Amino acid sequence: MIIQLSQHAGANQISSIKTFFQQKGVEFFFQDFNNQFIVPSFNDEAALKQFDIIKSVIDIKTPYQLSSKNYKTKTTFNVNGVEIGGEDLNLIAGPCSVETEEQIFSVAAFLNSQGIKFIRGGAFKPRTSPYNFRGLGNDGLKLIRQAANKYNLRVVTELMDLSNLDEVYNHTDIIQIGARNMSNFSLLAELGKTRKPIMLKRGMSAKATEWLLAADYLLCGGNENVILCERGIRSFDMQSRNVFDLGVIPLMQSLSHLPVFADPSHGVGKAAFVNKMGLAAIAAGADGLMIEVHPNPEKALSDGEQALTFNEFSDFIAASKPLLNAINKGADFVNNNKILKLESF
Amino acid sequence: MIIQLSQHAGANQISSIKTFFQQKGVEFFFQDFNNQFIVPSFNDEAALKQFDIIKSVIDIKTPYQLSSKNYKTKTTFNVNGVEIGGEDLNLIAGPCSVETEEQIFSVAAFLNSQGIKFIRGGAFKPRTSPYNFRGLGNDGLKLIRQAANKYNLRVVTELMDLSNLDEVYNHTDIIQIGARNMSNFSLLAELGKTRKPIMLKRGMSAKATEWLLAADYLLCGGNENVILCERGIRSFDMQSRNVFDLGVIPLMQSLSHLPVFADPSHGVGKAAFVNKMGLAAIAAGADGLMIEVHPNPEKALSDGEQALTFNEFSDFIAASKPLLNAINKGADFVNNNKILKLESF
Amino acid sequence: MIIQLSQHAGANQISSIKTFFQQKGVEFFFQDFNNQFIVPSFNDEAALKQFDIIKSVIDIKTPYQLSSKNYKTKTTFNVNGVEIGGEDLNLIAGPCSVETEEQIFSVAAFLNSQGIKFIRGGAFKPRTSPYNFRGLGNDGLKLIRQAANKYNLRVVTELMDLSNLDEVYNHTDIIQIGARNMSNFSLLAELGKTRKPIMLKRGMSAKATEWLLAADYLLCGGNENVILCERGIRSFDMQSRNVFDLGVIPLMQSLSHLPVFADPSHGVGKAAFVNKMGLAAIAAGADGLMIEVHPNPEKALSDGEQALTFNEFSDFIAASKPLLNAINKGADFVNNNKILKLESF
Amino acid sequence: MIIQLSQHAGANQISSIKTFFQQKGVEFFFQDFNNQFIVPSFNDEAALKQFDIIKSVIDIKTPYQLSSKNYKTKTTFNVNGVEIGGEDLNLIAGPCSVETEEQIFSVAAFLNSQGIKFIRGGAFKPRTSPYNFRGLGNDGLKLIRQAANKYNLRVVTELMDLSNLDEVYNHTDIIQIGARNMSNFSLLAELGKTRKPIMLKRGMSAKATEWLLAADYLLCGGNENVILCERGIRSFDMQSRNVFDLGVIPLMQSLSHLPVFADPSHGVGKAAFVNKMGLAAIAAGADGLMIEVHPNPEKALSDGEQALTFNEFSDFIAASKPLLNAINKGADFVNNNKILKLESF
């Protein structure tokens, strides 16, 4: 239940509501910037009648509250001139990791030539093995920012822990939280205090409810610029890196107001299947896609087997356009007149 | 390894090859109607040079052999005038169960009005609970056959066990083997001896290799008319009935020559998501779809929550056409000039 | 809900109850031999007051009914002088497959020397690949029966399909239904009509409720001699053949009155871990165990990697005795005075 | 491959080996404190002959290296006078969360009365919902430390993120890394630099190899005091909170030298099953257990449904002793003469 207070609610009145819940032993969360109480386990609306500063009550019957479609119809927001979660498909592309200046600038130039508005690239890489390449760190951040600035792109990059928050915050337009960090609640709570757009990837075996509760960690801090991104779940068959769960796209869109993206590169883990699964994700209604592209996948320092070559990516763009037409959807890489000039960094 | 013999191979010569493998303790399978040995665990081609009746040797490196793409490029076959696995999408639709004469005839009439060529409907239902409706049995078979004949449709229905083989064989055009029977090897071996087209659904947690080995049970008996059908795998999240694994479509098409269908109704289990997931399956490259339609899903005796109404199904057909155009694919329900007259039963 | 009728209930009175449910559109199942109705989806006890031939009503709140602990406290039964599901642990041992007369007789002699009362051995093998050894068939059945008779053992063997029912029925004391057949409802329904003890293995990804509903297929036909057997569930990690779910033992014992056995050989799939996991299953409260033993596991025609040698099996027996003492449990292989003479076949 | 250098290896010589690998494009990790290279993807021992400062080469064929049993036979270490991973079973017990002074002191007094040497209790709780009790924070840490000091116990508590490292480090004897943080590689890398004992819980769907690679993150930093702890994996059946994977205990002990603990409380999630599953874990060969105990589980602020009462815990201790005797294993809560005096804090 979300209990919204009148603007005129004073400290004493708020305090009396807190006391009311404490005496009942009910857990609550008060958002002062929104002047509202979040009380998931409470549903006795009648008992609240005594508090006349209550403006409205939204009965949300799920454990997640702020990410629920009962709270809000649709979330859209603007990332440096591009609308996220709106009528147009968003497309983020780029290499798994930033490897060299030459690599990231060549990708950026290529993406710009395709009309792409967002570049991805990891500087801090969560690698299963400590002996593998863990990214270029701050040098990587600077390189992707420079390449993006030169080619009019927005940057999406992963934050692995709070010790890098400032650097990542300063160099990126959307912060990616990877599957392994979906349940890193300390990290989410901290990002909830910022207003930086966050792409929250689904954990490797996260249920819909768990994923939305993770989103609530961001939302309850006041950060409403949240994207959900499906990236494949744990498979029992080693012939697939993951099971790409496209059914979760309409499911999440029915439960939540947040934009739902899909990452077919991690979803299937094999470049030869990425194009078809990218089209499938569009047909399933994804609000956006994230696709790995590399100038030379065979020499990639990470995840090369799932990265598209430039040619394969161009083929995908070409194939996606008639499909988007067929479902009456635009795309940020097509509909240029909606794109404003990138602000300078 | 598949070892193909010359047409002139005599019994003695075949026998000497059998002895060769027996002495080595190697398991083999001899298809007399194809004049070939299947020897999965053998790969010493040189040792075979001594047998001059060997025409050719195909080294297939997987446990499954006859369903492998190394054995054959593509399987297509004709079901009463409609090509399966060809350039056009196939679409099978109908209720979960045959319930009444009125129900199945109304569905058949409706499907015919939409150009549909295949009707589904269960007469013998594998129900998790013994206390639930288990289908009309032989009466159901007769009803769906009559309705199909009247409306120029082909019948797809499930066979649950060998005791009903004759009845099902006689009333159907494609026999469906359900997920729970994918590993019912006795049933598969028996169907392998027929030439009736078989739609083999994926088991609830079957790996690609296991699924293709199940297909090999059919193929090694000589029945080459086999369709694979993805129908969702076991989920860890009860908000989804199943996880609809669309990534398995390009995977299976890369491993095997068999047509790969998808069943979004079971795949997601919720009517509201079936249309989008049906489109997604087409975009993922499915050779065919199977979709549940019911005149009144709320009153269905089984699986009503996943059945489309007639209007919802018409919406799907309307949405699928531009999508098919976008990916340059025809459909059996569109391209009528490819459809021959239905043979009489 | 299970509705038990008085012995004096006449056909008319039974018929009026049937009519009552039909008019309400409620699915029911009538067991004439038990004079009771099973009506899972009905719970309006008051509405039944009108029928005075109703002796008692048991409100079972789960989809499964006859296997519920609310219906019956505990199931025990006697297999040729050995009590199943009683105070003593039962132990079934033997090879995966019957391979030769020498093999099965040597196993039988060995088991007898260890005090074992039950021998297992497959004659019809459900093999994932059609090209692998599928068992000796009826010859295998005869061999294991002869070996068992000579060494005072009871036979447990798998039935794969109804076409072999008579042979298997005649040669075995307990019929095993394998994991792949747990949802072969036609097979279960047919076995429900017999009174032969059935060991029902858990399906590869079966939930507790599904497993108990499968048991209900047997029980509702009147066969009350049912054992449940955990054998490992599908794993996402290929370093384990399966995940051996020992937590399901106390779970099933809390939900059902049926004896719960465990098969550590399939559960972990690696001989080196079978002894410890067998002990763990005993500590978890299993009513019985099933363990694979082979005179020469390296040369076994199936599943050799999980079979114990004779020495390893003796070690297990030796290790199990103090553990059984520690938990105050006897065992059929220890407590010989409880064992009656084997009836002749 | 682990390449150990002679003590006399100078900077130039080490540098030339680094150059060798860089030129080959092979990823390597150099531990200066151990004077050894870790080079997982390299196995050309002959090529190393040119470097005469190489003392020995250990060919470890798995992706994980330092946690492999090929590197080391067995890890034991001392936590304030109690040996971990030795001949005796270790037992950690206590509430899910530190809630009040009264609660944690009453638990500590009780545990001491049972001979227990380790108390657990969360001060920073990783809660799936942001609206639930997240622990007392630093106040909780102080309370559990005081209670432990008074009752001669060692403290095990969870670290959720680096921002709390100092406080947790200072108040605990073993730092627990929860399932959700098993792949929080930044956190692991930082803890690898300390020498504080770490209990690394298995991720919710982590494979054996992934778990050992996570351990390698700790080990490669030089922290050799690592415990692995199984706590249940994601289940497809909501009747179990998790699947308690006891088969992973002998598996991990065969692959690694690290002690393997088990947490039956999270493993099965239901107090009624914890005792039997605790015994099963001992029988499976666990080096230690972690069990939740609460003075009043019904009023617990988190995870009450899986916590034992004091009486239930005493029953477990009583039941464990004959079982430990049966498998010839001691326990830290029995064998007091091996326990040294607790150092003062």
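A, B, C and D label the chains in the order they appear, each numbered from 1.
Basically, a residue touches a chain if its C-beta (ideal position, glycine included) is under 8 Å from a C-beta of that chain, and two chains touch if they have at least 3 such contacts.
Fair warning: this is a prediction, and the values are worked out from it, not measured in the lab.
S.K.: Which chains are in contact with both chain A and chain D?
M.R.: Joint contacts, listed by label: B, C.
S.K.: If you average the CA coordinates per chain, which chain's centre is most distant from that of chain C?
M.R.: Of all the other chains, the one whose centre lies farthest from chain C is A.
S.K.: Could you please state the distance in Å, as a whole number, between where the Cα atoms of chain B are centred and where those of chain D are centred?
M.R.: The mean C-alpha positions of chain B and chain D differ by 49 Å.
S.K.: Roughly how many whole angstrom separate the Cα centroids of chain A and chain B?
M.R.: Each chain reduced to its C-alpha mean, chain A and chain B end up 38 Å apart.
S.K.: Express in whole angstrom the distance between the two chain centres, defined as the mean CA positions of chain B and chain C.
M.R.: Each chain's C-alpha centroid was found; their separation is 32 Å.
S.K.: List, in ascending order, every residue of chain D touching at least 2 other chains.
M.R.: If we look for residues of chain D contacting two or more partner chains, we find 205, 234, 236, 238.
S.K.: Using the touch rule from the top, collect the residues of chain A that touch chain B in their complex.
M.R.: These residues of chain A touch chain B: 205, 207-209, 232-233, 236-240, 242-251, 254, 267-268, 270, 272-273, 276-277, 279-285, 319, 322-323, 325-327.
S.K.: Report the residues of chain D in contact with chain A in the complex, numbered from low to high.
M.R.: 27-29, 38-40, 63-65, 124, 126-134, 160-163, 180-181, 183-187, 189, 203-205, 210, 213, 216-217, 220, 234
S.K.: Of all residues in chain A, which touch chain C in the complex?
M.R.: Touch residues, chain A against chain C: 234-236, 238.
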